[in-house]
Structure formats: structure tokens, C-alpha cells
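Here it is: the structure, laid out below.
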Amino acid sequence: MNNKKAVLLKGLLGDNTVLSSLMVISPVIVCGNTLENAIALIYAFSAITFFSVIIGSFVPKRLPYAAKIIIYAIISSIVYIPVKTVAREFFPDVVTHVGIYFPLLAVNSLIVVQSETKFYRMSRASMIPSLVFYILGFDVVMIVTSFIRELLTYGTINGKLVDADTLISGLGLPFGGFILLGLMCGIYRKVRSVIRRDSGETGGDGNVSGN
Amino acid sequence: MFLVTELVALLATNLILTQALGTSTLFIAAGNKKNLLWTAITITVFTSVGSGAAYIINWLLPDTFADLTLLFYTLMVGAIYVILLTALYFAGSDSFETTRKYVHVSAFNCAVMGTLFTITDRADAYPQFNTFFNFVFSGAEAGTGFIITAFMLTAAFRKLNSAKVPASFRGFPAMLVYLGLISMAVYALR
Amino acid sequence: MQNKIKSERLIWVDIMVTLLTLGLMDYFYYGVRAVVLGSVCVAVSVVAEMISLRLMNRRFTADDLTCVSDALIIVLMLPAVFDIKIAALACVFAVIVAKNIFGGRLNMIFSPAAAAYVFLYTSWKNQLLMFPEPHVHTGVFEKASNLVSSSSHSFNITGKMSESDFEILLGNVSGPAGAVSILLLAVAAIVLLFRRSISSGAFIGSISATVFLAFIVPASGTRMSSIKYTLVTNMVLFASVYIIADKRIAPKRDYYAFFYGFFVAAFSYIVVITTAKENAVVLVSLLFTPVALGFKNLEKHIENTKLAEQEEAEKAAAEAAVTSLTENGEEAIADEQ
């Protein structure tokens, strides 16, 4: 039971989409500076990734790798169309503000690359919950990053002014996103290695590209 | 003087340092120096050829079907992907096993798609920019920016992966902070 | 190894002496506010260094006091009336983000002071580039008034400086106190060069590029005034001594260090004359960190190649010696027989 739980939670904690694998980091770095942006991007990422991976799981496994990658990208580009239409209804300003990062969510590595190496090796019954946790992994990082950046950059929480007298405007810019994400990534690894050590698991902090 | 001004402009429009496009791909390729450089070169091929093709798609696609842009770009990048793989196979089937991995990594990612969308956005904002030559040139410029960033990362590769770096920050996190600081300098100079 | 540690500590002492002298000028021109700003920054840097080293499971030793000199470099680039809280934040940024995340003093990549300055430049540019007039003393808790832009700014815009040469030499001009005291900086540069406490290659490279370009593409009316004013404005001299020629960052060999310094200064000069960007040299020195690293990699590569060649030569010599010994032995045995 514990093992099953660990596998499920892997995408959220053990192998976080953003902090561990550094996938889909561009939207987090550039657009993850307000909670309003974060919520719109979370909706789009979750919807596009979930439906694209599920539909993509019906693609025959026998096809050559390149053909499968192209088909996955086409599926996500089609899924993107209704997702964007709905987003325009609920987040009209954010869709304009986020700009090119909205369509880019459709070619994220979780759909194009990781689905083939990770999800499609599982049975569909275990793939769906695992996929949900990988998506949640992105969502949580997006929320935390946006919360910190919005608070320290604009002195607001979801647009509501709070009492903050020293604001760091640079943190809202892409370089601020790079630095904050780097720091979060290091802290995440530290926490993960402490948890693993306490629970007697093997495996260190990992190195670049797993090398 | 001209070179320095051009270099500043190239850095100021660098898609990784200013828009974080293709950062994941850069890190995936950062496993070793050779991978990094070849991936950067392959991405330049994709951005240059893709931008030319994007110009044609934009020209043919009516505004009312703007939401289909991504789908058409995907089909076009898919076509370039297949053509490049085929060309590499016939160019040298012995080295195909090695070279094809660069094509796999470079085809569908934020660096390529981001470049196409950025150039299209710029052309929408400045109509004088909307020419085939400008699209191809901007695609090549974006790819060159990617190569420059790859060089920047390669220069620090040994230090960022050194045993002296705290284990939790070694590799990816140190790379992110490193690129962040360089990006901060680029922003200050813009 | 012992010698290396000793020399690193001596370098730090030399740099500290020159920085403290510049700090004294800061106190002379701007009063106790400058001292408080410096003290807070030093204290915060030491605490940040101690905490981050503790988190890295390392002990704080005398060698880690380099954070104090970095803090002083940062302070000397700031207006004396700069917000103390923000300056402290910049020091924390320098120690943690620009230094210790990459392994601290054992694995330096960026100049912490340059990184902190650029950090301030991107978020508090207006406050960073507005200065009190010299001799205007502001109380510790007083809000500064009548701030003016620096003399570098007016030079970048007009190509002229209204102050006399004597005032410029003494630093009696508006700007960051540490960076405008030209006479003191020149003395500091000479002392540090002779004591080999800064990279002479990088320093000479930086100054040569500035002089060369100021002569070829004058930023002022005459070539001579262009050279003179370009050297004393935009923190060129200060950055050449304490940031570009920082031995922890610049390439080891003077030959490579010269080119590194040359490129940084040349690039920043062109940025200044094309965009009038104030203090571009500090921004460019951060941007050119990969260039310094590239040169260092090249040095290491050459060293390794030389070592390999040397080892091969030694091996070949040893083999030759063994062969000749064997041959001699065989001959001797043959003679005996």
C-alpha cells in the first residue's frame, strides 16, 4: 500500500515535474509572477496535458518514435483549441498578458517526451492517477512561485495590497524567476534527500541530467 | 563598434536569457559539452527553416482561423523533423544513431515553437518586419542566441558540477541561478 | 598549500587596507551615515556567510572574511544615503546567491560585489544613481534631500565635466564615494599591483582598452580630455581594481587576464558611448563572467596538456634509461664471459 502511495505521489514530491526534471519551466519563470497568471496557466496546463496524454495513450506503440512524437504534438495542438476558447471566457486579460506562453504549454515536455518514456509504459489504470500527480506537481510549484514573486514584487496577494515596504521589482522579471526557481530547486532537493535519508532510501541529490 | 552593438542586440533578444524559451532543452542537452553544442546547432536549423515556413503559414492562414496557428506550426515542424531525420539517415547511416538524438531533442520544444510565435508577434506589431527574409533572419538570430547561451553554460559547466558546490545545488539548480545572474546583467544592459 | 593560504590572507589584508582608506574618504565627505551603512553591510555579510557556511556543513574560518571586503566594495559603489535595508539585502544576495550557492570562495564564479550591484541596478536604479552632494552630511535616520545625478551621468550625456581636475582627483564630485576618489584609487591600484594583490594583467588590460578606445573614438571634445574623463567616470578605475582585477575571478595568467580585462573595458566603453549607460563596466563585468571562465578552462587545458607531455617525456626518458642500463648490463656480462 505504501509503495503504491509512493508511486502515486512521485510526480508531486519525489520526481516533481518542475523542480526535479526541470520540465515546463519557461512559463513558471516568465509568467509565474502573479497568482492571476498562475491560475490561468494551471488551468491550461492541466487541461491540455491531461487530455493530450490520455488521448495519446491510444496511439499504437508499434509506430516509429518520431511518428509517435509528431502525433502527440498534433493531439495536444488540437486539444489546445477548445482549452484556449474556454480560457478566453474566464481569463480574457491573462490570455493576452501571457501571450505566446499559452500555446507553448501544448508542446511541453511532459506530453511530447515524458509521456512516451513514463506514462505509456504503465497500464491505463495506474497511468491516470500518476499523470494527475505529475500535473499537480507543476500546479503546486506554479502557485508557490507566483505567490512569492507577487508578494515580493508588487506587494500584493492575488491583486490585494498587503503591507510590504521593500519591494524587489526584479523578482517579477525573467531573471528573478530563474534565480528563485534555482533556489527552490536546491531547497526541494535538500528536503528530498533528508526525507530519503530518514526513511532509509538510497539515492542522492542527483546531478545534472542524471549524470 | 558595430560588432559590440550587434552583440548587445543579440543578447537583448536572446530567447533563453530574456524569455526563458528553450531552457529545459538546454538543460537536457547539458549532460555533456558535445551534446550541448550539437543540440544548439540543430535548434538553429529548426528555428531558421521553421521561421521561413511560419511566414508562409501566416500568409496563407486567414485571421479567422488564428487559433489553428499552433496546429499548422506543429505539422510544419513535424515535416521538418521527418525531412531532417531522412536527410541524416541518407547522409551517413553509420552516424545516424548518434545524430538523430539531437533532432529528437530539438524538434518539439519551447525554443523552436517560442521562436516562431515570437517572430509572428513581432511581425504583427511591426508590419515592416513581415517579410520572408526577416522571418528567416530572426529564426537564425534566435538560434545563434541559443548557441551563445550554450557556450556560456559550457564555460561554467565544470564549476557548476564541481564537488565543491553543495550537493543540493549541484547541476540544475546552480545552472538556473547562473543563467539568472547572466540574464540579470543582460537586462541591466538593455 | 600553506603558502597559498598565507598569500590569500595577505591579499585580503591588502585589499581591506585600501578599501578602508576609501571608506575614510566616504566618512569625510558624507559623515557618519556612510559609516553606519558600511558597518551594517559588513555585519550582515558576516552573518549571512556564517549561516550559509553552517548550512553547507563548513566552518567559518579567517579565509571566509573575504565577505567583509566584498561588502565594503558594495558599499563604496553606493550613494552614502542609500536605504540601509536594501543595501543589507544586496549583501545577502552577494553572499548567498552569487557566491555560496556555487560553493563559496573555493569555487568562485561571479564577483559577489558586481552581482550585488547589478541586483540593485535592476530593482532600485533610481535610488542607486542619485547621490548627495559632497560635504552634505545626512543623519543616520534622516531622509536624504536634494539628491543629484552623478558627474558620470552628466559626462555621459554632455561629454564634459564641470569640476576642476583637483576636485576630481580628491573625489569632491557627486557620485559613489569610493569610486570617485581618483587619487586614492590610483595609489591603491599601484600598491595592490606591486604587492601582486590584484591581477596585473586584467588591470592593465582594462585600463589599456579604456585609454585606447577613448583615444580612437573620443567621448569628449579632445582626445586627451576624453582619456582623462573616461578613466575617472563611470567607476572605471574602481571596477578595474576591485572587480575586473579580482584574483578570484580573473584568469590566472597575465596574458589571458589582459585580454579578459581588455574585452570587458572595451565592451563597456562602447556601451557607454552608444547608450550613455552609467557604470556600464560593472554590468559588463558580470556579463563577461563566462569569458573569464572560458579563459580559465583554456589555462587548465594547456596545463593538463603540458603535464601530460612532461609525464610522457619522463616516461620515455625512464624507459630509455632502463634500456641503456639493460644493454650496458648485457655488455658487461658479455665482457666478463
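In this document, chain identifiers A, B and C correspond to the written order of the chains, with residue numbering beginning at 1 in each.
By definition in this document, a residue touches a chain if its C-beta (ideal position, glycine included) is under 8 Å from a C-beta of that chain, and two chains touch if they have at least 3 such contacts.
Since this is a predicted model, take the numbers as computed values, not measurements.
Taking the mean of each chain's C-alpha atoms, the chain closest to the overall C-alpha centroid is B.
Looking at B-C and A-C side by side, the one with more C-beta contacts is B-C.
Work out the mean CA point of chain A and of chain B, and you get 20 Å between them.
One finds 33 Å separating the Cα centroids of chain B and chain C.
With centres set at the average Cα position, the gap from chain A to chain C is 39 Å.
Residue positions of chain C touching 2 or more other chains: 97, 101, 119, 122. Looking at chain B, residues 160, 166, 169, 173-174, 177, 181, 184, 186-187 sit in touch with two or more other chains.
Multi-chain contact residues of chain A, defined as those touching 2 or more other chains: 170, 173, 175, 179, 182-183, 186.
If you check the complex, the residues on chain C that touch chain B are 55-56, 97-98, 100-104, 106-107, 109-110, 115, 118-119, 121-122, 217, 266-267, 270-271, 274, 277, 280, 283-284, 286-287, 289-291, 293-294, 297. The touching residues of chain C, when paired with chain A in their complex, are 83, 85-86, 89, 97, 101, 119, 122-124. Touching chain C in their complex are the following residues of chain B: 1, 4-5, 7-8, 11, 151-152, 155-156, 158-160, 162, 164-166, 169, 173-174, 177-178, 181-182, 184-189. Of all residues in chain B, those touching chain A in their complex are 17-24, 27-28, 30-32, 67-71, 73-75, 77-78, 81-82, 85, 104, 107-110, 113-114, 117-118, 121, 160-161, 166-177, 179-181, 183-184, 186-187.
By the touch criterion given at the top, residues 166, 168-171, 173, 175, 179, 182-183, 186 of chain A touch chain C in their complex.
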